[in-house]
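This is the structure I want to talk about, given as structure tokens.
By written order: A, B, C and D. Residues from 1 in each chain.
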């Protein structure tokens, strides 16, 4: 058996994989390993396990990176188009058909710009900040289950891994803001950190709600727990339960805040503090920050899809023939575009409103969701559970919303701590 | 070429040697020393973060993934941020004072530092002696079954054997939260 | 329906209506107000102006040039972007025509003062707007040949003003002719009077003689 | 031998923290030193757990988790005190906070 025959054989097997699209990526990896073993045998080398693992890890890493960079590129153009459409403009439509190649133009522009470092900046920290920002952001997507058995690293503490790494973003933002030696930068960094720390609590707590019911911190197990249909038609996604709906909204708001998107874009509020911690960055470093922000946003949206929207599960039984990974990415896009929709609609928070919202609404509500999930768990998940957990969620929501957030309340006693 | 490839492939690449954990360990010590020695407070806080990250990696290498990630989450995400915030809120501290060391030199503080260094050296010597001359430490072997800490088991432990300490911690954290908020309030009449 | 958070839902509905409407609305063209610039040119208002140009009458720019190189615009121009050199004939005798007429449009601020002070209705504001170039200096200095544009062009970009100008020139011409006629008549009259006077001066002797 | 190396690492880390706590005058540096010492303690807990006869009891892990929680509380309160001291004395020098000295 010579090399060409092996190649031909493998190619035919590869084409055969397209019969079942659902398992295509997993089967492709298996085929790759088999091909490597056969190739080694052809050359007279017994290919050891670690080499196979190394090659397949590299392939997976490259696949995930490329996927997320493509998502980032597409998002940057779709976001601008949707924003434009909401304001009755065309949006980018010059580069390529319908402006789809705009990210290429943007990339070329960014990379050819001058990389400025302020003279008074702390050079080392200024240089390190984009790296600290991008490294955790690119590591986040590895724990997400993209399809059946399609999870790069099935960590038993996957959710914890995710939140531990997103702490890196806070650090990077601080480093960028401080090292720039610019008042706007440091103000932006302070705002960003205050916001991220405040919203991390409800974010983690609402993720904890799911972990409480599913009894696991592994994303793959969480998605597996959301398979099937209750009452015969309603998918058993966690978002379709009262507590899950509340936790999902809380997580969504927390995700908006963690990825510094409108209405939580105070750290980069253009009209107030130029670009916050990004003020002194240009060229390639700015592009890296931008990319890390978008990849981080997609990663946290992926976690939202995994935790609440059933990951790769189909919404209806008659749609199950569509491959799971298609469902995952469809949901991912739906969540990401909904973030753009929110961005077009809501104005930016004032900083005291933002803190008030985090500590007086988000945090109590996430505890309420935790309570509702516990009630659901012990009430047997039937009709009684539905009614009980719905009551537990709705009553505090109405009370908080009616008495805590009247206009009068938020307008009194306003004090600006950092602007005096 | 062929033989060379075969030899490379045959090496035990997948069995990491036991000293591999020394890499994060030594990096941790280096970062910690930098954190202590650097004059710029922000730099030393950032070095502290690096040292905490290395400590977390060390925990993970020792099989305690959960503790490692908690370490990253709590120390990098919260404690380091608190320290950085505190440094920014207390300007003109040591940085300004250290601009002219001769002017700020005082005999009492030099004696103070010397005494501190001496105490530290004594403690270090004592600890290292205890560690390297203790027969039990020298003969400690890895248990037959590899140590692992599955999350489910940790959770179960938290709510059974260590329920009381958990409640205590909950009360302590609440008290600390309220206390810190009260202390940091501007017009507090202490 | 008014419950906490209902305002957000209403706002989201508004933006959603706009997003969908901008794609599927019947009044699509009216809704998206953006002009696709290089393909769609804006229709400029008649009063829009950018830099000055020189008007000439008839076909030949040199012959029909209204400018007489009086240099009033050069003096009045606040940023001093106009440069004029008078022409002279072979004998060195100056003639009423500019030899050089340059306008540095990188300096021009479009104030229209030159237009207002020009007594010969020669300099007028143009409305061209694609004036960018790769060099900051040479291409942005417009010379006489570039500045001279026909009266027909002037009528094309701002008909009302051009018609008024033409009427004014025509009226001026008529007035001038009338004045000329009057002057001629006056001269003739003066001459006649002088002749009469001379005749009269010569005459008295005659009556005396006669008397 | 591996346990000894781990313990030595932790001992050196502890002493670095101790040095900072004893010699630096800035209160925040003192707090950083204390955090380092707590980290060294955690490393000891984890390495003893790793080498214990019954790792399935998770005693070391539990201790480490609690110690991390306490460290967080300690940092929060300590830094609040530092900020309060700075507000009163306009300095974070621990030697200057001597109002109670007789």
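Criterion: a contact is a pair of C-beta atoms (placed from the backbone, for glycine too) under 8 Å apart; a residue touches a chain by one contact, two chains touch by 3 or more.
What you see is a predicted model; the values in this text were computed from it and never measured.
**Q** From the C-alpha centre of subunit B to that of subunit D, how far is it in Å?
**A** That pair's centroid distance is 8 Å.
**Q** Approximately how many whole Å separate the CA-defined centres of subunit C and subunit D?
**A** Computed from C-alpha means, the inter-chain centre distance equals 83 Å.
**Q** Distance-wise, how many Å sit between the C-alpha centres of subunit B and subunit C, to the nearest whole number?
**A** 79
**Q** I'd like to verify one number: the distance from the centre of subunit A to the centre of subunit D, where each centre is the average of its C-alpha atoms, in whole angstrom.
**A** 34
**Q** Out of subunit B, which residues touch more than one other chain, so two or more?
**A** 66, 70, 78, 85
**Q** Where in subunit C do residues touch two or more other chains at once?
**A** none
**Q** Chains as vertices, touching pairs as edges: which of line, ring, star, complete or other describes this one?
**A** Graph shape here is a line: each chain touches the next, no loop.
**Q** Return all touching chain pairs.
**A** Contacting pairs: A-B, A-C, B-D.
**Q** Inside the complex, what are the residues of subunit C that reach subunit A?
**A** Going through subunit C, the ones touching subunit A are 3-5, 8, 11-12, 14-16, 18-19, 21-23, 31-34, 36.
**Q** So in the complex, which bits of subunit B are touching subunit D?
**A** Spelled out, the residues of subunit B in touch with subunit D are 18-19, 21-22, 25-26, 28-29, 32-33, 35-36, 41, 44-45, 48, 51-52, 55, 58-59, 62-64, 66-67, 70-71, 74-75, 78-79, 82-83, 85-87, 89-90, 93-94, 97, 109, 112-113, 115-117, 119-121, 123-124, 127-128, 131-132, 137-138, 140-143, 145, 147-149, 153-154, 157-158, 161-162, 165, 169, 172-173, 175-177, 179-184, 186, 188, 190.
**Q** Show which residues of subunit A lie in contact with subunit B when the two form their complex.
**A** 43-51, 53, 122, 125, 155-157, 160-161, 163-168, 170-171, 174-175, 178, 186, 190, 193, 197, 200, 215-217
**Q** Touching subunit C in the complex: which residues of subunit A?
**A** 82, 85-90, 341-342, 344-346, 397-398, 400-402, 405
**Q** Applying the document's contact rule, which stretches of subunit D touch subunit B when the two form their complex?
**A** Within the complex, subunit D touches subunit B at residues 1-9, 11-20, 22-26, 28-29, 31-33, 35-36, 39, 42-43, 46-47, 49-56, 58, 60-62, 64-66, 68-77, 79-84, 86-87, 91-93, 95.
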